[in-house]
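Structures given as structure tokens follow.
Here come two complexes built around chain A, the first alongside chain B, the second alongside chain C.
Right after this comes the complex of A and B.
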């Protein structure tokens, strides 16, 4: 840990996440999983978990290790826990994916891999969550953005609990209760994971990052508290209400209607808060990370509109793949990629120039990047995602694979920019590596 | 030789906020410089409490002040009271950054 302020393993989490993103894009190009296969097919389960755990959760965990201390103004409780968590999550995900392949008959019937993977993932996420909760516990009272992370972690716990029960049930160790949860509870698992853990956490971190990078005043705590409260109620309704409905063997329709209403309200309130951050910013010229984040916010708004339109048309269940795809790749992945572009530059600057600051003149963070060159890759990424969503809605599975190829090319372009940043390839001033400064290591700090 | 405050303030200009690319003196991060013979005490802030850069800023300030002739020791105190606000940026720096007017 450098200077007590740069998380040693954050870059490793990002690298691992990016590797899984490429894996997911390769699977889509190859026609593995949805839309070439059924939405509930084992191939689709592989694809969804590669994206949700391998790519998104890995990057968000890495970012939280770095930014929870910023949110609460206190050092991480344990820096030493970061590497074991990375190992547990990776091993757990691989076991889970192999379990799904076994479930689909692509491997011998080693269904014990499913509970094994779930157990490793629970251990990894549990250790990670305990580290963050203890960090926040010693930093009370909590800032508004940190409360979002706390609710996000609670949702992660619910996601993991539901996922674990599915794993045991699928492996044949479930019994009647877990089998009943498996039969009806998959939407609850998806809502807790995508809507709770990933979305609420991304929202919370975005409040602070947007305020920091645009020099905006923080969102009024009363307003952000309302957004969080409605978000937490949405999750409570979905998870507790859903489980109660399963327990009394009632349908889940009412739970889904109420969850949708509250979910739309949460997004609307968040949109109001984000618009405020942009409107009140002191830095008039947007950097790439904040301008591209707008496309992620647009994707979030578009997914709400799409979800409502599908529900009104009565085709939500049939087209749920397109809806989830837009949330996963337009909103969440778009925001993560936009913020990675900034975070990688910022951390690389700190590692390289922080130790020599005060001794010699140093470049700025923005001197590490060439935004006009990166902009075209981001534009290509969002264009490909939106095209892919439209093709899913149109039922054009072969053309979807072409759009997925566009996504992969754009991702490769963005990753190449990240690598150039990390290796200081674009620093043109004389002070690229002043005396005493060292080139940072690629994969950890 | 006892260093004066102006000399130390000038020396601190080598330390920049990495995000804004402007030295911390013009950004208004330096709240106070007190000199007693060769002993210097600098009270400063950063944009955000818990910002990963704040530790490096503090160390950079100590390093650059220590290079001034006559400085025997440097004590840097990081404070967030009062909280930094963009209105503390000098007018020239603000114009250079293309900031919106600060109310």
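Right after this comes the complex of A and C.
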């Protein structure tokens, strides 16, 4: 069978991811982690990993289990691996977070939790990556979007390797080599994770989803290959160059300058490709997922401008929190939320009505959603994120917590829309559940 | 003068076998410029789109007894990277329904193809033109017991799908 069926556990991944997003927002409202705490404090480590692993990685993994088979036209190598991965990632993240709390003195000094968490996460991500790589291996030659995912997975490997070495070093099992990597390598871990794994993967999947949802011709494969090549060079420079600099005990400044030049070029090339997808679309009226994605792209562009401005002002290190916040919540979270809105509706529609389609009248995908109502929540979300970024730059930690509260309210609104979609609550036609169609289960397809 | 490799799928089909992979293997094995002379117990219409996607023109002649000889000749300029995908078997008559779904918003093409497929009699076929490979449609067709055969046409952007009802 060619991979166009509904992946069983994708909704569970999304639900787990959303639960962690709420947790992250609650932490920010409570003033836990940056900016209330130092950027390197254990509370900040908790917050960053809740967002990067719990929320973003969980949702992207769920989406990839569904869409890699579509990208390559082959069924997933193992559908059975999806649930163990979800369990391993969740257990690993919890152990890691507890380890960070132990590190900060909020728990007894059970520092072995850090390597334990890292090992569970490596097992989870490793199983996940092996599943996708084998799926792609049997589907060669690879489509352009799938190549992005492959490079994203390589970056995930680098992120996990660096993170694991930090975990062992922080737990006191490091030795001089791992300690040296820990001392200078944290920015490399962040670049590999946020820039490589999360951003390159999101870029690759967005090429296909935007083309599908807007009826655009796929981006010319030569052009997307250039974008990917520059992106991969950026990562290679950052990780290999960074590690080499650490090995010869040189400073990382040159590595960061070269990485930022290549990184800006990657975003510019990606922006050109995305503008093309919008320009050449056949579906003239934008659906909510594609119009809200524009705000995510705007956030990505804005974070590049912000990063350059901070670097020129010489305050990049001091204000890095605002820069990372805008990438994490404006670009990545914004894109994931916008795409979830469509993916949940489409998969629910396919699961419910696919079996009876053509035999009885069925609602359209757009009948499952009420876009004007959802638009308000998305507008509130992006407004809160941009306000929060500005408040971070202005050093207004208390006001930042109010903006974080706005983010949580908006997220709750969006999630309520997703739940209504999943339960077909907004389908008003008589054909809501025609004979032979069943209401889908919330978390399992 | 084009040279042709003979491929006779009549014994395979008579034995209830699956000729598609044999034909594709032949396509992979011929030298550049070489063509394929196919012998089939019916006019293999769905194959024409697939072979066009691989860069072959066709010309068919009935050789009596309902059997056909088809010459697949390499085109002058091969099309850009065609992507064939297929699942075939048995006899494929001329399509009873032809749909042009290229201008429809997704997932409307899928809904229409499934609706039209439900009206086919046993063994009848329909053909549809699409703007992209309908990956979410395939599992639905397979679940209902339909066979299908699809591939991009030489223009590289039109996907031709032929669906055959279970006989």
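Note that the second predicted complex is superposed on the first by the 441 of 445 C-alpha atoms of A that agree within 3 Å, B and C clash if a C-alpha of one lies under 4 Å from a C-alpha of the other, contacts with A are read in each partner's own complex, and residues count from 1 in each chain.
By definition in this document, a residue touches a chain if its C-beta (ideal position, glycine included) is under 8 Å from a C-beta of that chain, and two chains touch if they have at least 3 such contacts.
Fair warning: this is a prediction, and the values are worked out from it, not measured in the lab.
**Student:** Sticking to the clash and touch definitions up top, decide whether chain B and chain C on chain A clash or fit.
**Tutor:** Here chain B and chain C cannot both sit on chain A without a clash.
**Student:** For A:73, using the defined touch cut-off, is the partner it touches chain B, chain C, both, or neither? Pick first, second, both or neither.
**Tutor:** Both partners, chain B and chain C.
**Student:** Applying the touch criterion given at the start, work out whether A:362 contacts chain B, chain C, both or neither, answering first, second, both or neither.
**Tutor:** Both partners.
**Student:** Scan A:40 for contacts with chain B and chain C and give back first, second, both or neither.
**Tutor:** In the superposed model, A:40 contacts neither chain B nor chain C.
**Student:** More chain A residues touched by chain B or by chain C?
**Tutor:** After superposition, B is the partner touching more of chain A.
**Student:** By the touch definition at the top of the document, which applies to A:312: first (chain B), second (chain C), both, or neither?
**Tutor:** Once the two structures are laid over each other on A, A:312 reaches no partner at all.
**Student:** Please indicate which partner A:281 is in contact with in the superposed arrangement: first for chain B, second for chain C, both, or neither.
**Tutor:** Only chain B; A:281 stays clear of chain C.
**Student:** In the superposed arrangement, which partner chain does A:248 touch: chain B (first), chain C (second), both, or neither?
**Tutor:** neither
**Student:** Check chain A for residues that touch chain B in one structure and chain C in the other, and list them.
**Tutor:** Residues 3-5, 70, 73, 212-213, 215, 282-283, 346, 349-350, 354-355, 357-359, 362, 364-365 of chain A touch both chain B and chain C.
**Student:** Please name which positions on chain A make contact with chain B in the complex.
**Tutor:** 3-6, 66, 69-74, 212-213, 215, 281-285, 346-347, 349-350, 353-355, 357-367
**Student:** Would you mind writing out the residues of chain C in touch with chain A in their complex?
**Tutor:** 83, 85, 103, 105-108, 110-111, 113-118, 131-140, 142-143, 157
**Student:** With touch defined as at the start, can you tell me which chain A residues reach chain C in the complex?
**Tutor:** Of all residues in chain A, those touching chain C are 1-5, 70, 73, 212-213, 215, 217, 282-283, 346, 349-350, 354-355, 357-359, 362, 364-365.
**Student:** Given the complex with chain A, which residues does chain B contribute to the contact?
**Tutor:** Of all residues in chain B, those touching chain A are 14-16, 18-21, 47-57, 59-64, 67, 86, 97-100, 102.
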